[in-house]
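Next come two complexes built around subunit A: one with subunit B, the other with subunit C.
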Partner chain A sequence: MTVSMRPKYLFKVPVNARNISPDAFASQTIDKIKKFEVWEGNKKRTLGELFEITGESGETPKETSIQVTGDLRRVKRIGEAMTEGEITIEGNVGMHLGEKMKGGTITVTGDVGSWLGAMMKGGTITVKGNVGDYVGAAYRGSMKGMMGGAIIIYGNAGNEVGCFMRKGLIKIYGSAGQFVGIHMHNGTIFVQGDTEGRAGASIIDGKIVILGNAASVLPSFTFDDVKKKVKVDGEEILGPFYSFTGDLVEKGNGKLYVAKAKNQHLDFYEKYL
Partner chain B sequence: MPIVKNVTCPICGTFCDDIELTVKKNKVVDVKNACAMGEAKFLNYSDPHHRNLNPLIRRNGTLVETSWTEAIKKSAKILAEASYPLLYGWSSTCCEAISAGIELAEEIGGVIDNTSSVCHGPSILSIQDVGISTCTLGQIRHRADLIIYWGSDPYSAHPRHLERYTAFTEGRFQPSEWKRYVSRLRGVIGKKKLERASQLALMEEFSVPPITGNQFPPTLETEKERKLIVIDARRTHSAEFADYFVQVEPNKDYELLQAMRMLVKNEELEVEKVAGVPVGVLEKIVDVMIGCKFGVLFFGVGLTMSSGKLRNIDAALALTRDLNFATKFVIMPMRGHFNVTGANMVSIWQTGYPFSVDFSQGFPFYNPGETSAVDILSRDESDAALVIASDPVANFPRVAAQNLVKNPLIVIDPEKSATALMADVVLPSTFVGIEAEGIAYRMDGVPLPLKRVVKPPKGLLSDEEILRRILREVRKLKRSQRRSNA
Partner chain C sequence: MTELLIRNGFVYDPINKIDGEKMDIAVKNGKIVEKIEGKRVKKINASGMMVMPGGVDIHSHIAGAKVNLGRLLRPEDHYKDVEPRTSKTRSGVGYSIPSTFTTGYRYAKMGWTMVMDPAMPPLKARHTHEELNDTPIIDKATYPLLGDSWIVLETLSEGRIDECAAYVAWELNATKGYAIKLVNPGGLEAWGFGRNVSNIDDTVPNFNITPREIVRGLCKVNQLLHLPHTIHVHTNNLGKPGNYENTLKTMQCVEGLNHNNRPLIHITHCQFSAFAGNDWRTFESAADKIANYINAHNHVTLDMGQVVFSDTTTMTADGPFQFILYQLSGNKWINGDVETETSSGIVPFHYKRSSYVHATQWSIGLELALLIKDPWKILLTTDHPNAGPFIAYPKIISWLMSRKAREKMMKRINKKARSKSLLPTIDREYTPYEIAIATRAGQAKALGLKDKGHLGVGADADIAIYDLNPEKTDLNANPRLIRRAFKHAAYTIKDGQIVVKGGEVVKSISGRTFWVNVEAEKALVETRILKEKFAEYYTVQYENYLVPEHNLAVSAPIQVHAEV
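Entry: the complex of A and B
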């Protein structure tokens, strides 16, 4: 059962639409959904005032799928804390997409703002475009980032991917910014493209794999070995990889694997072999 | 002529409180004890070329004089009708005005942000993540025997910081290091004379070994007196005063800080150089840090706004924490404006958050990056703005400034700033600390009173009074709106 939505106009101010979620839509008629409360800046509106809504919702969240088409770059918090069901977004979307999500799937064809899947506990988010900063991170001041589930990004990601991550998987097929996996406690991050350096800063545990150029490895990491291949989510990735352990300033035991092919500037570590 | 003593200086975060002003015919004619910046402000603030003396309103593209009633009504209407108004500035006014501003932000459901979001905002985010070990400047003055400035040039930005609180002040338990500085200066002058004389005598290039080169001075580890170390990407003026200057490669501060933490924790570094500093030198610096009795690390915008931003401060705060296992060490941000700390304090006690507070849904919400002024403006999300005691048009990134002036803009400022020239409504205020009283917080969080030394020009109101009037007008508008809805 699919509910289709389309914004009536290009929003000028941020729209807080935490009600766009299969959990809220399930077993509701379209008329009732149109009366759901949203915030457009500091004005209280209804979903029907901002979106054209058609289709039918399912009996349970699992049977409900939501399809939103259009430019949603100022719409925040879609799919917040959703437990089941499906959201498909055709176009760009704003911040906090799938924040605290517990299950279900979100698919985006365009770009996504920052805090994608922040503090999520389960489910899958797939993004075809680029993503802002703080993918799978924690709220300001919190020490608990992503705690489960998977985020797959086919474009590029910004800074501080997986900040304070506790569990789960983040796969980036493009490149990523600085501080990949900062303060990570566990989980796996894979970056196929380049990063801007400082990967794994202050990590305690977990695994970070970088296939592209890593720019730099922090002095607080110790060199272990050169490994032929690394496993990411059951899949074998061929190297060879420089393997580091850190972050020693936090007495961490995290693993950082950096592909040898694109990181010739790190070959001085081989003298420690 | 009456002399007003113990005046606080409304310029930088050092917030000196020993200024003496001579006032003649309601005008400041002489300034004692202030630095060049303070003196310039006290003597020239009333220059009519730089000052608005009447409320202005934009009609057919030009700013024209208007009455206070009309200007306040127009401002209230803009703010009450806006869906996502932004209230920005606050760091160069008193706490009473900031308090009224937060009330206004809550009433109109806007975002209130102070200038710390573009200077020490990252420091605050890190302090919330890591925690801070700090103290007041008085403690540092009397006890600190190791002073480090990182990414900060106090000689240029906080001119009296060195002489009032750190290296060149005579503390109760720590003598000033000015004698060592003078002897070093004499050495440098002697070296220059020797070089010149030998060039004249030998008719060829002749070089004497440098007095203050980049070699680590061997006496620094054993020195009992106050020591000054400056760490920066370039050799600043303050570096000339330092016992040792460490030049870090630009944007590599994070690596250097983490390497220092490694050494403090007795871990071995596998690289030979970190951020351009040889590991051998780094070990000696860390030895000096561990060996001191009371160390202090002052950090400036060079650390908060270079690559890594809040994570640089994370590392600096963690380094201080680690050093406290071996000795007493504190850390302090070098706040810029005289009341930027006060803006954070008032915001914390009224909303729970220090800056970038969003009231759009009726409750305070805080997420710098999402609710900070530059980010909101760069994404073009706001639809009206009020700027007070700040000049974002001159300082913000171009896109942000363009989006700011595109929407209705209200400016409360005593001066004709670039932002005021682009505004739709200009509400001229009095200079707090000269023409109006108030409270402001020094960089270490000590509140001090701002004095009124001269009478303001006729018809001008204080920042607080203007904001209270707008607030009253907004409440009146909202009441009539509610009545018409009912």
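Entry: the complex of A and C
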């Protein structure tokens, strides 16, 4: 059963729409859904005032899918803490998408703001466009970032991807910003494109694989070996890769793999073999 | 002023020896009166409910420099617990270190009306009082940290007790403090130089004095000044396995002082000071040994420092202990040094049921409370937020009152901790009368507050009414009902005004700040010596150090005449 939503106008101030989620919509009539509370800036509104809502919701969250079409760049917290079901967004969407999500799927055809899938525990998020900073990160001050699930991004991502990540998978087919996997405790991050450097700062464990250009490798990483291939989520990726261990500042045992092909500037490491 | 008549409640007033008697309580002008009549009297029907004096908390870190640093350190703690604004209350955040307004509201919602902030570095007195001013509804007071002050150490090591007493009197007046607080006496001074003291007879580096002499000296000072509370002691070696021997020695060291059967020393958050074993692997409870001593002696009061399994923030003036905790947890931390006075530290900490040490700590707190026979000697606290936030009090009350509740939790804790715990051998269940002692009457008595903690004529009209019927419900078998009732008081009355009704704040008023105004004849206040010392030791000017009375929103001085 699908509920379709379309914004009635272009939102100029942030809309806090944490109850656009299959868990909230399940077994509710459209009329009831229209009366759900949302905040537009400092004004209390109902979903019906902001969105045209049609369709029908399922009995359980699992049977409920939500389709939102339009420009949602100012809409925050869609799918917060959802457990099951499906959200499809055709267009761009704002910050905190799928935060603390526990299961289900979210698919976005456009771009997404920062904090995508922050502190998520399960489920899958797929983004066709670009993403802001702090993908799968921990909230400010917290030491528990993403704890499970998968985030697949076909575009580029911003800085501090997977900050304090503990488990799960982040795949970026475009490029990523600075500090990929900072403070990571475990889990896997794969970047097909370039990164802006300082990847793996302060990591304790986990795996970061960079196929494109890594602007620099931190001096607190020790060079191990040149590896022919690396496994990411059961899939073998051919290299060869420079393999590093770190971050030694944190007495960490995380692995950083950087593809040899696009990183000629790192070939001086080979003399330490 | 409103006139109130609380009718037909089951009244628990241990100080006046009233145990669940059905009676009326009359209130006029913020005080409890014999009886009241007339048409303007507002009547509260409390039939089928428990009526108790407003709760008193002897030890809860609610304000001050380090509490505020804790708030800054932990945005993620606030994120998960947000309180929206209502027409009567301001917005705020929790969880383990709530904002000042939320602190006041949450205490009032549980029926608590007086809270003592137990650790104020004298230099940060102004900040502490600013925060206390912004803590609504509840009355409050704060204890300056004096156990490591250079002037105290110098005067005590040279045996000049009178001069030390005069200095303490001046310090209480200057900082608007309530009692003498000692934290790891001697150890914090040493920590300023990266060292610590290992036991009560270790000499403090740079000062020819031992912690034993500091405790005894300040205990004598306390007697000379006739302060309402005893000395309030956080022992040496706190939080280390095998520290119970040191705790016993600390209690023994003041035994000889004359006390007319009144307590001489308060050992705070005793759970953290009742560890046996040589290291964390052989760590176990020494609650029985502490309890045996307390049962045989009358000069000590304790509070529990009960661990609650939750994600909390530890904060104490005990810098060296917090350094150890940081090394154990690997968490982010703050450590501070307050000039010539004290130190401090903050580390977020998660007490887990699955951990042997944490589960044993949980057990130690309850063992202490249940093995000490006299409830006037052991008071309920969590050392908020060190062992858990104060909002867990209803949970602890249910553990104390119901064996069933304890057993339920026992099933969920670490196996090794469960097999070693003494709790399964203890059948005791607190009665509502004993709960009223542990949470109100005993606390007020230990603090020497004459108008708090009871419902006799002339007492402050601070009253809590809980929707719990001791005649109809079997309390021991229904811990959930206990928890619900104590979580949301049916009514909280503060100074004769209804501030909470049905668990919601209906009126926000300013509480008073109590402090002790010591009149000492041999006043050091204006002496040249003190000013000279001050110029030598401090980075602030003498005149800027003093907190004037008008800095307190509602000042409530307690006049005391000292012997010096």
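FYI, the second predicted complex is superposed on the first by the 273 of 273 C-alpha atoms of A that agree within 3 Å, B and C clash if a C-alpha of one lies under 4 Å from a C-alpha of the other, contacts with A are read in each partner's own complex, and residues count from 1 in each chain.
Here, a contact is a pair of C-beta atoms (placed from the backbone, for glycine too) under 8 Å apart; a residue touches a chain by one contact, two chains touch by 3 or more.
Since the structure is predicted, the reported quantities are computational estimates derived from the model, not experimental observations.
Legend: residue contacts after superposition of the two complexes on their common chain; A:E40 is shown touching subunit B, with no touch to subunit C.
Look at A:R140: by the touch rule set out above, it reaches both subunit B and subunit C. Touching more residues of subunit A than its counterpart among subunit B and subunit C is B.
Within the superposed three-chain model, A:K171 lies out of touch with both subunit B and subunit C [touch as defined at top]. Using the contact criterion defined above for the overlaid structures, shared-chain residue A:S216 touches subunit B, although it does not reach subunit C.
Look at A:A201: by the touch rule set out above, it reaches subunit B but stays clear of subunit C.
When both complexes are overlaid on chain A, the residue A:P14 reaches subunit B alone and has no touch with subunit C. 139-141 are the residues of subunit A that lie in the contact sets of both subunit B and subunit C, per the superposition on chain A. Note for the complex: subunit A touches subunit C at residues 138-143.
Residue ranges of subunit A in contact with subunit B, taken from their complex: 12-14, 16, 39-43, 74, 95, 114-115, 133-134, 139-141, 178-179, 182, 198, 201-202, 216, 218-220, 222-223, 247-249, 269, 272.
Residues of subunit B touching subunit A in their complex: 82-84, 108-110, 125, 128-129, 254-255, 258-259, 261-262, 265, 267, 269-271, 274, 307-308, 311, 314, 318, 322, 359-362, 366-370, 379-383. Within the complex formed with subunit A, the subunit C residues making contact are 73-77, 79, 331-332.
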